[in-house]
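Look at the two complexes coming up: subunit A is in both, with subunit B in one and subunit C in the other.
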Partner chain A sequence: MAQQDISHHYSRSFNEELGAVRNHVLTMGGLVEEQLRLAILALVSGDSDLGDQVVRDDHKVNRMEVSIDEECSRIIALRQPTAGDLRLVMAVVKTITDLERVGDEAEKIGYLAARLASEERPRDSYRALQHLADLVAALLHDALDCFARMDAEEAMAVVERDEAVDAEYEALTRQGITIMMEDPRTIRRVLDTMWVGRALERIGDHAKNICEYVVYMVHGKDIRHLSRDELPFGPEAGNEAP
Partner chain B sequence: MAQQDISHHYSRSFNEELGAVRNHVLTMGGLVEEQLRLAILALVSGDSDLGDQVVRDDHKVNRMEVSIDEECSRIIALRQPTAGDLRLVMAVVKTITDLERVGDEAEKIGYLAARLASEERPRDSYRALQHLADLVAALLHDALDCFARMDAEEAMAVVERDEAVDAEYEALTRQGITIMMEDPRTIRRVLDTMWVGRALERIGDHAKNICEYVVYMVHGKDIRHLSRDELPFGPEAGNEAP
Partner chain C sequence: MKSRPWAYVLVRLVLIIGAAVGAGLIFGYPLAWVLGSLIAYLGWHLYHLYLLERWLRIGGRQPPRDAPGIWGTVYAELYHLRSRHRERKKRLSRLVKEFRKSTKALPDAIVVLNADHEIAWVNRSAGDLLGLTKGDRGQPVDNLIRDPVFVDRLRSGGLSRPVRIQSPAQRDVSLMLQEFPYGKRQRLLIGKNVTAEERLEKVRRSFVANASHELRSPLTVVSGYLESLIEDDELPEGWRDPVLEMGKQTGRMHAIIEDLLTLSRLETAEAEAEREPVDVAGMLALVRKDARSSSGSPCSMELQLDCSSGLLGAESEIYSVISNLVSNALKYTPPEGTVAMRWWCDDLGAHFSVTDTGVGIPAEAIPRLTERFYRVDKGRERSSGGTGLGLAIVKHALQRHGAGLEIESELGAGSRFVCHFPKDRLALECASGDAQDGPDSDQETPDADNVLPFRNMS
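Here is the complex of A and B:
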């Protein structure tokens, strides 16, 4: 009985640790989302101070990554998780790497926003970039939501949506080339907006990566690098992990 | 005595497993280096077939990442490594993520090389890009070498060299802007070469990441995101890990 109590306690405390690390990932995700929101706001409103602030605050994202990383190593060393628990910890390790890089891209956008604030506004007031940013922010938010709910089916649907982001980014690049060719004096400014577009496109990629880790975590299968046809299970297959 | 034999055998086989996974990382690193070399060769020699081949072969890199990743999960689940052994496995998990992304950047360069092969050659025959590629290839090679020898001191020296890559990339971008402004008909082509430059710059970042994992693996300290002054040990400190 005493033995059972101990193991029950031990196991509850382990579950609490796993819950805590998941919550920390979501907190880090929230911070990264906010950094992205502020960076785009700085761009669209031409607020160079806000852009600088995003750059300055990136260290908070980095600090969280290091701290969660240490938390995961501690859990592996002390709790020796296996199967689904181990997959959760490994998915966390990978997810925070991607979140940290989303933070880096938001920092880049903040830097470019500060630089663009002193330039003439483009005719469309960055409407196309704002639209791309909205798509990407929704993708990131939904990826984190899938992580929170461990929803592999929804995660696979979010992965598909990254294609729309890529198409929008391609359109933005083509548009930028046309503007530069019409008026070479815009080259510097348009290039800066194209860098913002590329940063957004990469954030979409990271959101997609996070979704793929969710599928791995739930199903125990690695769907990275598989084409749609090669996927070992359809959205209707449900959770089959051991 | 029998017990000791078993544990000795067990432990030797564990060491063999760790050695094998390290070798697999180096094999993957070699493949990625070759992809980068061929992509740049395709660009400089204007060989679109070779560019296409690099794109086609990227799946080999992806397959190795998935396989080594599974190997690491298996080691953690079955061997329950702690301390230095666990740090090695975690460093491997992170290193292969970066190597896979180096592969993606090489694939991008292959794609751009194939596209650029039908365009007029620039006056300098991509000499500036070739120079940047040489710097980056040496950085990647030395990062993998540090990983192979678990040489944290050398790894820290390699990290510093990434700054030269960034400076070279900035110069390339400035030069590209000048050429585009002088002759707007070159915009498309110059942009493609700037994308190649950016891909190389990112490969430099990944090489830097790998070096940081080496330091973590050897010293047990996470030096990511620390400035030079904040580093917990100098190059003269030697290996202090427990």
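Here is the complex of A and C:
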């Protein structure tokens, strides 16, 4: 009886640890989302102080990554998780790497925003960039929601939405080239905006990666680098977790 | 029979036993007869118990079977109980349905949280505004509402004050989230859509800013002409006083407009002030020097520095806090009175106080003191030339630094204004106080008994 109690307690505190680590990942995700939002706001409103603030705050994201990383190492060392628990820990380790990179991209956007604030604003006042940023922010947000809800089907849907981001980035690049050809004096500014677009496109890819980890976590299948037809299961073939 | 079933049962038992004894007397073996008849009686009861159990197992939905004796009563009572129970259940589910419908119609998002911040129940608006669904039950709420400000406040238990966040589900929608405890460590999280109010507030603020700005240029023209009129030697003698008065009033209008602009700047700025190191000690010395030279105030001023550290904040705002409080104190203190400034730190953070021995403030006026254009005494203060916005500026500037304002006062005895700055705003070793021209070396006074009183000279 006593032994049963101990094992019960043991597994419950293990569960709590897993819940806590998941919670920390999502807190970090919230921080990254906020950084991205502020960076874009700084760019669109031409607020160089806000851009600098985003650059300054990037260390918070980095610090969280390190602490979650340690937490995962400790769980692996002490608990030796198996099956679903192990997949969760692995997915967490990968997710925070991607989130940290998203944070770096947001920092880059903040830096560019501070620099662009002193330049002449383009005619469309970054409307195209804002649109791309909205798409990417929604993608990141939904990816983190999928992570919270362990929703693999929704995650697959989010993965496909990354194509829209790529198409938008393509259009933005083409537009940038046109503007530069029309008026070479804008080259410097447009190059900076293109860097912002590039950073946003990268964030979209990171969000996609996070979704793929969610699928891995739930189904135990690695869907990275597979085309849609090669997927081992469609959205309809639901629960075949090993 | 229905009214007293047990008497009937008793009578029947006695009759059976009597019949058995009678038969035993006639045929012999009376004990065996009694035993046999009791066993038969028990069997009959068991049979009916069996029937009852089967009836209950199919749900007791059929009307009760006809049963003799006590069993009939039991069936009737059970049936009655059951139908009453069903009636109550129907009423309850109707109530729950009504309740659900009404919470569905509520425009505010409602989330019930348990003690661990896990979602226990959400209404429909929570889906629209917060992106939460019924399937999120059991999920920690900060997994899905990830705004860092919200998460911080949730974990530190500071959600009893509302917090404003961007809706995670809809773009350009702002929400005011607030938590109310209820029941056994349950919490109700209510999210209100404040987008419209926020827009209105923005319009109001930009109106004040624009109006002040527009008033400034004509006023500059008027005061320019007035100034040249004052200096004009050919001005008829009867005109001098009115022109001087006009000059004074335009100066006041200038001050009001400047204060309005400062206020609207403070309001439109980000909620948190920046964290540049500010040398408070040097600033205090400067304010003291300025106040003395400009107003030529006759009362004596003391400065006590018990803390060497400065603040992390916006220099111009901290300056306007100090100078507004000091000039207020000077204004209401008679020439023989004293105005004392003190700067000290303790475990709670840093504090700055201005104490005067002036006229004091009536208790009922203290809560309204930081309202715009609020006057304690309608008649008195117009003459003293304040703008009526000083304390509003102080309040807003302090808010941006996470600081609070405490006001104590006694009529006729004086007032004390204390600003409490939180610990994280403290700059531990203030950077050498470069920008300030502190005339006295009052930066290195770390211990409390090292008091530097400055007496009014001149």
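Assorted remarks:
By definition in this document, the second predicted complex is superposed on the first by the 242 of 242 C-alpha atoms of A that agree within 3 Å, B and C clash if a C-alpha of one lies under 4 Å from a C-alpha of the other, contacts with A are read in each partner's own complex, and residues count from 1 in each chain.
Note that in this section a residue touches a chain if its C-beta (ideal position, glycine included) is under 8 Å from a C-beta of that chain, and two chains touch if they have at least 3 such contacts.
Fair warning: this is a prediction, and the values are worked out from it, not measured in the lab.
In the superposition on chain A, A:G29 contacts subunit C only, with no contact to subunit B. Applying the stated contact rule after C-alpha superposition, one finds that A:G19 touches subunit C and leaves subunit B untouched. In the superposition on chain A, contact of A:D222 is made with subunit B only, not with subunit C.
In the superposition on chain A, contact of A:V66 is made with subunit B only, not with subunit C.
If you count the residues of subunit A touched by subunit B and by subunit C, you find the higher number for B. In the superposed pair of complexes, A:T97 makes contact with subunit B only, with no contact to subunit C. When both complexes are overlaid on chain A, the residue A:H141 reaches subunit C alone and has no touch with subunit B.
In the overlay built on the shared chain, the residue A:T82 is in contact with subunit B alone; subunit C does not reach it.
Contact with subunit B, but none with subunit C, is seen for A:P184 once the two complexes are overlaid on the shared chain.
Of all residues in subunit C, those touching subunit A in their complex are 131, 135-136, 139-140, 142-144, 146-148, 151, 166, 168, 171, 270, 274.
Residues 19, 22-23, 26-27, 29-31, 33-34, 37, 49-50, 134, 141, 144-145, 148-149 of subunit A are the ones touching subunit C in the complex.
The part of subunit B that touches subunit A in the complex is made up of residues 59, 62-63, 65-66, 69-70, 73, 76-77, 80, 82-83, 86-87, 90, 93-94, 97, 177, 180-181, 184-185, 187-188, 191, 198, 222, 224-225.
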